[in-house]
Amino acid sequence: MIIFPCSKAPRYRPFLRVVFLLICILLIDPSWSLAQEDLTESWFNPNRVNMLVFLVFFFGVIIYFIRRAKKGKSLFIRRIAGLDAIEEAVGRATEMGRPVLFVPGIEDVNQIQTVAAMIILGNVAKMVAGYDIPLFVPICRPFVVPVAEERVKEGYASAGRPDAYNRDNVRYISDEQFAYAAGVQGIMLRDKPMANLLFGSFFAESLMLAETGFLTGAIQVAGTANIHQLPFFVVACDYTIIGEELFATSAYLSKEPKLLGSLKGSDLAKAVIMGILALGAILVSFGVIEFKNWFFIQ
Amino acid sequence: MSFYERMMNLDRRWVYLVIGVVVVVTAIWSFAVPMYVTPEARSVYDFVDGLVPGEVLMIGVDYAPEVMAELHPMTYAITRQCFAKDAKLLLCCLHQNGPGMVEQVIAQVAEEYDKVNGIDYVYLGYKPYPAITILAMGQNFRIPFPEDYYGTPLDSLPMMRNMTNFDNVKAIINISGGSGTEYWINYANGRYNAKLAIGVTGVMTADYYPFLQSGQIFGLIGGMKGAAEYEYLAEKAGYISREKDQLWASKSMPIQTTTHIVIILFIVIGNVGYFMSKRKK
Amino acid sequence: MGTAELIWNGVAAFLVLCIYSFLYKDNPFYKFAEHLVVGVSAGYFAMILYYNAFLPKLIHPLLAGQWWYIIPGILGLLMWARFSRKYQWLSRPTLGFVIGSGAGVAIPLYLQNYVIRQVHATMLPVGFTSWPLITNLLIIIMVFCSLTYFYFSKQHKGAFGAAATFGIWTLMIGFGAGFGMTVMGRVALLAERVVFLRDYFAELLSALF
Amino acid sequence: MRRTLPIAVVAGVGFFMLIQYFIPREEFETLYEWALDWTMVIGAFAMALGLYSLTNMMLNKVKRKSEGWGFSLVALVGLFLMIFVGLVPHYQESLRYGTLFMDIFEYIYIPIQAAMFSLLAFYIASAAYRAFRARTVLATILLVSAIIIMLRLVPLGPLSAVNQWLVNFILTVPNMAAKRAFWLGVGLGATATALKIMLGIERGYMGRD
């Protein structure tokens, strides 16, 4: 199995070779793979070799594809249906002259999902900027407020409408889950947004928000990587973005080729994982468990 | 509007009303429901039952009042069982709205069993940022919790004298109503290899079966049904009793049954209406 | 129940009924309870944070001479710069610290728990000779098909598309199961509240008459 | 400076947290502990910021006597009452069971919270009734799977055993496979996003100037 497609990236060949060699040494050298009693003096935790290998491989393919995209090589990415749904919802709202509501989940900004939601928010702001309709962003965690403000401001500015930005529309509601949900419900009932975009990390309030949104007749698009809330979004929203599609959407919406490169990278990783899975299952079926055990993490 | 169309377009308030009435009626006239104990709940029970006096069990309580109904019975049953076995308890709370509740549980159960704070149990209290707190506890309990909930330095508590981190507890049981569980699995078990079991709400139960199968957790108490199963086992062994009003989850099981029937009936009504009105057209 | 407890529980019961009145429609009683909880929860959380993070993690170390704890203090204070138009950018390093540490901690843990652990757990012995082996095979096929659904750089057509369709079916069964499991949890909460109200009113009646 | 410094902080802190995962040396553990402590302190400051904007908003409503200002007053009273009864008794005494602070928590906060959460029982019923229609293949799969799971709490006589078998099958085979694939995807997607953040490729969240 060729892990690194070296031939296609001459500039990285030496670097990748060194990395590859290093990994081989780590794997072969028995002193690394023997767990020591006291690790506080060593520079590497040998129990985590498998993680390191995968990390280097994954980072490698992502950086490789990002570089490739930067050079202008076209990358095919299938249309993500959720994208159409976002655009359609925003389009309907602008036609009707009714507001757009963006709910970025209830977790803090150090959660990757919230950052992904922020990236989507910027692009939504860009779509909305041209039309004189408000974009409401109610927020649950104080830390998210400055980030959301920057994103909306930037989105408006890049659409050439920095003047359309209204700071009052990005509001902190409450740290408290249900108080927050009640606040968002209030916006839905009072301001009657036409498009409800729910992206990020949601918990029990998901159903409250989606049901209230349904009552007001808004077009709802939701996306989260919190698996236990997805059933409610699937049931009560017009379109649901499932799991990894959330991260893909955030990459796709920005339409920057270098961000799309990472999608290609994680697709390749998926293919490799399927290969490993198949191989592992076959080996285990024949009683060879060493391969499987190598993936055990302490 | 035809009869069938009306069947599929009932106002939501009718649904609310029927649910409300059924719950109230069942709460007043209760009945017995047969109990089937799942192996994943039993393995938690058996583990706690196997504790030797003096061994330390850690309970991470990460839920807010709103999911008390499902999770509080677990916390109470495990705490009682643990004290009955003369094992020691280390508690912490990683949910912003939970610390007061935990204090309530431990104060009450400790009194029932004559257990002393600092000797038989220690309540570390609450810290924000669960991921970080769990990671830090894996190093040393004193990093996130230099003092316990009541402001006593950990080093002056007899029970904590020989305790550094997760290596000194027999197992951790995390009872959680949110993302807390994932942090415990990722960090306490993932990073520090602590033995972990979880009690979660009904919503979350289905999501944690993979972790059970992959061996990251050794047991799972799922929602109110899981709590009722645990109570059933604990009652049989005499750790809790119906007379003292210590069975809560079991009390609500009849309500569960009737409400489930009503919801299924509503789904059936909706679908019958849908198909019949489609056929007419 | 003593008189004090009876009164406190009466307050609680009243507030519960205020919340339930929302089911009919939004009304002042609901709004009252809702705003009360916003205020009380904010105050409660502020106190908890003050006693459990601010004092022991900033003030106490500083008083003990651990001067480097001034760094998070300064980073925290810089957050307030965002109210100034001119110095707004000063709050960004703090954000950077939080986002950066979040990302750095997340990477190995996401890979470990969501990728490698799942890969390890899915390498199951397969075959056709016994039921467990067959279910293992089914699990692996379903995992493959569902992964295909999350494949972005290939058009979902032909055999690949069929696999992706089967994948989304699998996901839907999972979501349906999640929905079904959740009903129990939600009803449990309602049951607990109704039992509380029932017990309170029974207690109240016996106290009054 | 305004842009590079924050990005540098993100990258620096991020990569330190990442590398630390692989290095078991004591010095790194200490640095890591500090970083964790610091995040907590910054969190306390962020909370103060949140409280500030909350009070500000509420006070403005009260001052301007805008619609529903009375409710804002209720929230403010709740907030300051909680802070007052939390601060006045001596250090941490207020967090003990039985104080006024804890009474308010137990008899006002807990009941409202629990009641709000239990509203979900009604919502889930109406959502199930409204949305579970066998309109498409996907909807039918979702519906059937949810009903099978819900039936596990309904005594069905001899059929209960069959249903229990189906429930176990759904939970351990398609449900598990769906979740495995889901998590694999999320793990890769989140890691890729975190990496882009750390490398500064994705930096929109920092703003322009």
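All chains are identified by letter, namely A, B, C and D, in their written order; residue positions are counted from 1 within each chain.
Note that in this section a contact is a pair of C-beta atoms (placed from the backbone, for glycine too) under 8 Å apart; a residue touches a chain by one contact, two chains touch by 3 or more.
Remember, it's a predicted structure, so these values are computed and weren't measured experimentally.
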What are the two chains with the most C-beta pairs touching?
-> C-D
CA centre of subunit A versus CA centre of subunit B: separation in Å?
-> 30
Where the CA atoms of subunit B average out and where those of subunit D average out, how many Å apart are those spots?
-> 17
Please work out the Cα centroid separation of subunit C and subunit D, and write it as a whole number of Å.
-> 3
Subunit A: positions in contact with at least two other chains | 51, 58, 109-110, 112, 115, 143, 147, 174-176, 178, 182, 204, 227-228, 231-232, 234-235, 242-244, 248, 263, 270, 273, 297
Within subunit C, the set of residues that touch 2 or more other chains is 23, 34, 37-38, 41-42, 44-45, 48-49, 53, 79, 95, 98-99, 101-103, 105-108, 110-113, 115, 117-122, 140, 143-144, 147, 150, 171-172, 174-179, 181-184, 186-187, 189-190, 192-193
Residues within subunit D bordering two or more other chains | 21-22, 29, 37, 39-40, 43-44, 46-47, 49-50, 54, 91-92, 95, 105-106, 109-111, 113-114, 116-124, 126, 128, 130, 132, 142-143, 146-147, 150, 153, 171-172, 175-176, 179-180, 182-186, 188, 190-191, 194-195, 197, 205-207
Select the category (line, ring, star, complete, other) that matches the graph of chains linked by touching.
-> complete
Subunit C - residues contacting subunit B, complex | 23-24, 41, 44-45, 48-49, 52-53, 56, 60, 105, 109, 112-113, 117-118, 120-121, 174, 177-178, 181-195, 198
How about subunit D: which of its residues touch subunit B in the complex?
-> 29, 33, 36-37, 39-40, 43-44, 91-92, 95-97, 102, 105-106, 109-111, 113-114, 116-118, 121-122, 124-126, 128-130, 132-135, 143, 147, 150-151, 153-155, 164, 171-172, 175-176, 179-180, 183
Which residues of subunit D touch subunit A in their complex?
-> 21-26, 29, 39, 46-47, 49-50, 53-54, 57, 113, 116-117, 119-120, 123-124, 126-128, 130-132, 142, 146, 179, 182-186, 188-197, 199, 201-202, 204-208
Footprint of subunit D on subunit A - complex, ascending = 39-45, 48, 51-52, 58-59, 62-63, 66, 109-110, 112-113, 115-116, 118-119, 122, 141-143, 145, 147, 150-151, 153-154, 157, 171-172, 174-175, 178, 181-182, 204, 207-208, 210-211, 214, 225, 227, 231-232, 234-236, 242-244, 246-248, 250-251, 254, 258-259, 262-263, 265-266, 269-270, 273
Subunit B residues within the subunit D interface of the complex | 8, 10, 12, 15-16, 19-20, 23, 33-34, 36, 64-69, 97, 99-101, 103-104, 107, 125, 127-129, 132-133, 135-136, 139, 143-144, 149-151, 206-207, 209-210, 213, 225, 253, 256-257, 259-264, 266-267, 269-271, 274-275
